[in-house]
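Both complexes shown next keep subunit A, but they swap its partner, so subunit B is in the first and subunit C is in the second.
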Partner chain A sequence: MEDFLIEMAEILEEDSVRESDELNGFESWDSLAALSVIAMADEKFGVNATAQDLKGAETVGDLYALIQAKNAA
Partner chain B sequence: MLVTGAGSGIGRSTALLLHQLGARLSVVDRDEAGLAALCADLNATNDNGAVTAHVADLANLDAIPDLVTQCVDANGLLHSVVHCAGIQAIMPLRTLQIESWRKIFAVNTEAGLVLAKAMSNRKVYAGDDGAIVFISSVMAQAGSVGAIAYSMSKAALEGIARSLSLELAPRRIRVNCIAPGFVRTPLFEQTEKLWDDAARKAVENLHPLGFGRPEDVANAVAFLIADTGRWITGSTLVVDGGYLAR
Partner chain C sequence: MRLSFSGKAITGILAVVPANERLFADEMANFNFSAARSRKLAEVMGYDRHRIVAGPVCSSDLAVAGLEHLFLQGQLAREEIDALIVVTQSPDYLMPGTSKVVHGRLGLHHDVFCLDVNQGCAGFLVGLMEGFMLLDQPAIRKVVLINVDVLSRKVSPRDRNSYPLIGDAATVTIIERSVDARPIEASIKMDGARREALIIPAGGFRRPSDALTAEMVEDADGNFRAPDNLKMDGSAVFNFVMTEVPTLIDDLLIDTDTAVERVDAFLCHQPNRFMLNKLADKLGVAYERMPSNVVEKFGNSSGVTIPLVTTLNYSERLTSETMYVCMSGFGAGLTWGAMLMDLGPLKFCETIDFEEDE
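This part shows the complex of A and B:
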């Protein structure tokens, strides 16, 4: 989780982010950030996610849960 | 002839076609299973020319001269090199890491230059009508979100080819690039997995003739290597289903 939060902070151009943070509350949460999450999930976690998958996520923690769920699948 | 990235995609199709045309081949890939499958197919088709397979990761640039020597020892002096090996990772600027883009640059670009240097050596080069083909990309000339490192690597490859062509013309070695659009290969499928249906359709629509097949590029490689390309050097042949025509 800690590694994921560090990655997310970089993607969202913040010093740090928390699991409970709302994605829409970040100025940098845009299509490029979503693309970065997809690339990060693939590179760091070996998970193939699509932009469609990300649409349901509201918080940083939701993205982590999504990656974990796909990883377990 | 030496073909890199021969374990899959464009490299594999190129190796199959060149072999069919009678070339003696050294095939290189980091994927041992891919090479084994290629060799099985090559041996099944015909016995036109000898084939030797070499498992190597071209990111290790220092090992390339020895690799080329092994190819020569196994299969004779080289007439041509086709550098198809390539890697790509979608990396938007905000997540772009120096280490990641250098890995892409090493395999896609620098390995091609090291191969050209090794191949053009008098002890390695077969001596006449040689050819080097680098597989570039439409991304050398057109941008795409998340493809900064890949674009850089391919644009540099085209720059290398132009100057190399001038240096190697006296040795009768022609140097050219092929710039494919999106071709259905394992590398492409890796990228495609990241798209939803709308994104996939949008990319396909950039190609008036649709996505390409590896053989479309292999045919262009054969054309450039053979006598059909005898007066072509320092150029980039665009094989992209119309991607760059817009």
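This part shows the complex of A and C:
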């Protein structure tokens, strides 16, 4: 989780982010950031996520849960 | 589908790029995004500048300029051309095919097999495959393969998804028989079920262009485009490339008993630097053996990018020695493929500018 939050902070161009942070609250949360999350999920967690998968996520924690669920599948 | 070809070789490659250059920094204001986010996009994707036609330049204009240059330099003679393949998604007319337009404008003789192929970013591989097959005919000794697109004319300037990366260009590739050439091994796959991932929705017979198809509509990401414009589902294409392409290349390497280290260069289609670096990571290839510098300087010119990345990066090496290369193209169709072959020494391997009339 900690590694994930560090990665997310970098993608969202923040010093740090929390699980409960709303994605839409970040000015930098756009299609480019989503693409970066997909690439990060693949690289760091070996998970193949799609932009469609990401659409359901509202918070940073939702993204983590999504990756974990895909990892377990 | 696994394909093999024997006794065939590429003997020359010429690239033609519009002299007109546009800077991403100057075009940022057209997009519905903050300057900071646009700059971030440019940094990740490798956008800096691109070459696009300024006026109503057509595919046959770039093709004719390339062939006339070769005639003038004595690299090719009109009467030597037995087959002329034009691979494009931006034809001069719906009918006749652009290969006939080029044939007529150059005044070629009547014993020429002219063929148009509608292919996108895998168009260099598909064109080569067609060319190799034509060379099995004794009457066909020299095939001229032209890859050309002027798709910037179909991309909305307010579409941040596609406009910063689009490029226009043409290449002329000469293909001939070569008795002692090593076999060329290839693999190609197609999936029409995903045809809408890269599409120009209007302008064909399914939906003819009218006033309505020219109307700009805003999408969920804040891009403006009309049904007459090229539409790319960026994340669908990204996922497609990341899942299908490494597997196809890996399978071809395994099937041909080729170690990744034995390949001197991976000459890939050039969608953007981000995707190419991810692709290199997945295949375990060092970035310097998979050049990704076409988009930042010239833009993505669809089926032209594989020969263009070749003339831009290996011009000197390929005119003096042989490289063992893996080419890979992927895009509209969807179509994806790879080809392993010896390349060089080539008679010519250069890039020239196309100047538009004032």
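Assume the second predicted complex is superposed on the first by the 73 of 73 C-alpha atoms of A that agree within 3 Å, B and C clash if a C-alpha of one lies under 4 Å from a C-alpha of the other, contacts with A are read in each partner's own complex, and residues count from 1 in each chain.
One rule holds for everything that comes next: a residue touches a chain if its C-beta (ideal position, glycine included) is under 8 Å from a C-beta of that chain, and two chains touch if they have at least 3 such contacts.
Here the structure is a predicted model, which means the values were calculated and not measured.
J.: After the overlay on subunit A, what do you see for subunit B versus subunit C, clash or fit?
T.: clash
J.: Mind working out whether A:Ala9 is in touch with subunit B, subunit C, both or neither, as first, second, both or neither?
T.: neither
J.: According to the stated criteria, A:Asp30 is in contact with first (subunit B), second (subunit C), both, or neither; which is it?
T.: second
J.: When the two structures are overlaid on chain A, which partner does A:Ala51 contact: first (subunit B), second (subunit C), both, or neither?
T.: Once the two structures are laid over each other on A, A:Ala51 reaches both partners.
J.: Taking the superposition as given, does A:Asp42 touch the first partner, subunit B, the second, subunit C, both, or neither?
T.: It touches subunit B and subunit C both.
J.: Mind checking 26-34, 98-106, 116-124 or 134-142? I need the stretch of subunit C that runs into subunit B in the superposition.
T.: It is 116-124; the other listed stretches have no clashes.
J.: Could you list which residues of subunit A make contact with subunit B in one structure and with subunit C in the other?
T.: Touching subunit B in the first complex and subunit C in the second, residues 13, 28, 32, 35-36, 38-39, 42-43, 48, 50-52 of subunit A appear in both lists.
J.: Contact residues on subunit B for subunit A in the complex?
T.: Residues 89-92, 94-95, 145-146, 193-197, 199 of subunit B touch subunit A in their complex.
J.: Which residues of subunit C touch subunit A in their complex?
T.: 33-34, 37, 40-41, 44, 161, 221, 234-236, 238-239, 242-243, 274, 278, 281
J.: Quick check on the complex: what are the subunit A residues that touch subunit C?
T.: Contact set of subunit A toward subunit C: 13, 27-28, 30-32, 34-36, 38-39, 42-43, 48, 50-52.
J.: Taking the complex as given, what residues does subunit A use to touch subunit B?
T.: Subunit A reaches subunit B through residues 7, 10-11, 13, 28, 32-33, 35-36, 38-40, 42-43, 48-52.
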